[in-house]
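Next come the structures, one after another.
What follows is chain A paired twice: with chain B in the first complex and chain C in the second.
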Partner chain A sequence: MTVEEQIREIVARITHVDKNIITRESTFKEIKADSLDIVQALVAVEEAFEIEIPDEEAQKFQNFGDFVSYVESRVAQGEKV
Partner chain B sequence: MIRNKNMVQNGRVKVAVDAMGGDYAPEEVVKGAVLAAQKDDVEVLLVGSTNILEKELAKYKFTNGSSIRFVEASEVIKEDEPPIDVIRHKPNCSVAVAAKMVKSGEADALVSAGSSAAAALSAIQFVGMLDGVCRPAIVGSLGSFAPNTVMVDLGANADCKPHQFLTFAIAGSVYAKKFLNITNPKVALLNTGNEENKGSEIGREAYSLLKNSGLNFVGNIEGNEILNGKANVIVCGGLVGNVLLKFYESIGGYAREWTVQKLKKYPPLDILVKLLFDGLFPATKISGESEKRGGGILWGVDGVVKIAHGASRAPQIANAIESAKEAVKAEVIESLKLELAKFNQGGKP
Partner chain C sequence: MSLEGRLALVTGGGRGIGRAIALKLASQGADIIVNFFRHREKAEQTAKDIEALGVKAEAIRANVGEPAKIDEMFDMIGNKFGRLDILINNAASGVGRPAMDVDVKAWEWTMDINARACLLCAQRAAKLMEGRGGKIVSISSLGSPFVLPNYAIVGVSKAALEALTRYLAIELAPQGICVNAVAASAVETEALKFYFKEGLVKDKRQVTPAGRMVIPGDVANVVAFLCSEEAFMIRGQTVVVDGGTSVGLFTLVGKESE
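Then we have the complex of A and B:
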């Protein structure tokens, strides 16, 4: 499973939406994710990939694609234990 | 079957108390724990800075030592801190540690008088939600004027999605069965009219879900029907529920003052009115209902989580511990799970 697929699974589970409707262009508002959903998704992704996502980086995410790209870059940097 | 096996073995319900949370913590929380722990069927686990808690407990001639224990938690979420920090930056604060103890089975219930939002977030993140529930809700009895009626949600969810109203109705029905002894509670949706097509789009979707839920749904009711007993469970969004609750709680005090002022020029009568309001008339007792229970349970979480008022003093903390214990004994979580399972078989409510 790719990083994107794993994150899509996590976000879909937390927001209770069909994972197939989540595209890289989907905004959190479009998938009806509230602030708690977003924080829960951040924590779940941090645990899944064993990384830490600083608040200032998370605040830059405009859509699902931004979130995925950031995690992909961190994983590519070999931060995964 | 009671949820925690330890409790069955030694006969004591273990209540983890966020000892650092609340306007008067830790002093009043420790004092409340001492009051609650006088009973043999409860063990209070005070979660917080052990050094501070030991000094507080030393102030009391507390002999039943085995029923209060300390659990170290190095951090605290203060009222002015973002509640979300409980998840992101302070996962070892007192309320989070207490929540994790419920999850692990070290405790049967959690009581916190600290930040309600932080307690709710801890419950969601660390205790976890029941299958089919995405957010917890607060259920409360209206007492006095409507002793057989509960409302839900009383403030946990400002913005609600339609399916949440269904879980509110299920939670309210379990509450009515367990605590009001109502066999088949009548459920109603609070709205601006009785007709099915009234209200907001979310309300209409909620109506449809409730109508087809298999619950004893009696339709919409309006604000002037809340107290008439037409429904045992009144479902509404948390914003409306919280505003209504606080208004309801304030009526008694204002009615008393207004009447006393009006009758001031007739001295014997104003005294009589004071006596009537303070001793007999139920309106002034309304606000005492939540105090008696020491706060509200968060329904939908996979464990008993009690949110006490921030301004709780020792008696209210003791009441919160006592009612959390009773909720564990009444197996409310198991009952809610059973009810939810019926709905989850046909898809998420």
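Then we have the complex of A and C:
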């Protein structure tokens, strides 16, 4: 499963939306994710990928794609180490 | 007041009020375990700042909203140190909504972190304090006795924390463990910036008789006192640190609009 697919499953589980409607362009509002959903998604993703996502970075995410891209870059960095 | 040789765990100790408490206890000689959840860099910086005071410090990651993580944290403390003298239940979270908009998820998230964690941490801490006594201080807020805008669940969780403080104070008294709470009004921290942004808090400097907002150090000073032997006869109390706001409410009517 790709990073994007894993994050999509996590976000869908937390927000109770069909994962198939979540695209990289979906905003958190469109996914009906409130502030608590976003925090829970961050926590779940941090645990799944064993990374930490600073709030300052998370606040820059405009949509699902931004979230995925950030995690992908962090995971790629980890692989290089 | 010296806490030399004591070992303290401060949950949510990496920043804000928790950091101030951790540094204050360290300044009095206590070694500190800084618990954090999502802000490793800040916790590690706090640990470094504590070590600069000449005591030991360690940062431990654990989400106190999850019982298994609390167990892991205390297993580690038990295995590594075999004791604990001071527990500060400071970690907190919450969702800013009116009571009528609170759903099950928001309720559980807030109650698990703000109230249940205090119980579970106290249960584990008390075992590590066996035969040596100890201090447990939990951080509350004025949202327990008073109604603050969009603060319903957090206020309720803090009311639970304060009630738990009373029960634990009596149940743990025979073991020489002093249990108290400190309730602050709006404290100038990063968390408060969020509340300002959400419109939950206006400028409180105008309505604080003491003439300024409460800062983390004000809370830390009272916590440190409650952790000292001088406070031995204070049990099950919630000490309010608010610059007089709560007792002066009726003298302040109209001042906010001045």
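Going forward, the second predicted complex is superposed on the first by the 78 of 81 C-alpha atoms of A that agree within 3 Å, B and C clash if a C-alpha of one lies under 4 Å from a C-alpha of the other, contacts with A are read in each partner's own complex, and residues count from 1 in each chain.
Basically, a contact is a pair of C-beta atoms (placed from the backbone, for glycine too) under 8 Å apart; a residue touches a chain by one contact, two chains touch by 3 or more.
A quick note: this is a predicted structure, and the numbers were derived from the prediction, not measured.
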Which superposed partner A:Glu9 touches (first chain B, second chain C, both, neither): neither
Partner chain in contact with A:Ser35 - chain B first, chain C second, else both or neither: both
First, second, both or neither for A:Glu57, with chain B first and chain C second: neither
Touched partner set for A:Val43, first chain B, second chain C, both or neither: both
Touching partner for A:Asp66 - first (chain B), second (chain C), both, neither: neither
On chain A, the residue positions that both chain B and chain C contact, one per complex: 34-36, 39-40, 42-43, 55
Residues of chain C defined as touching chain A within the complex: 37-41, 63, 93, 95, 105-106, 109
Chain B - residues contacting chain A, complex: 84, 87-88, 121, 124-125, 134-135, 159, 161, 348
In the complex with chain B, residue positions of chain A that touch it: 16, 32, 34-36, 39-40, 42-43, 55
Complex interface listing, chain A residues touching chain C: 34-36, 39-40, 42-43, 46, 52-55
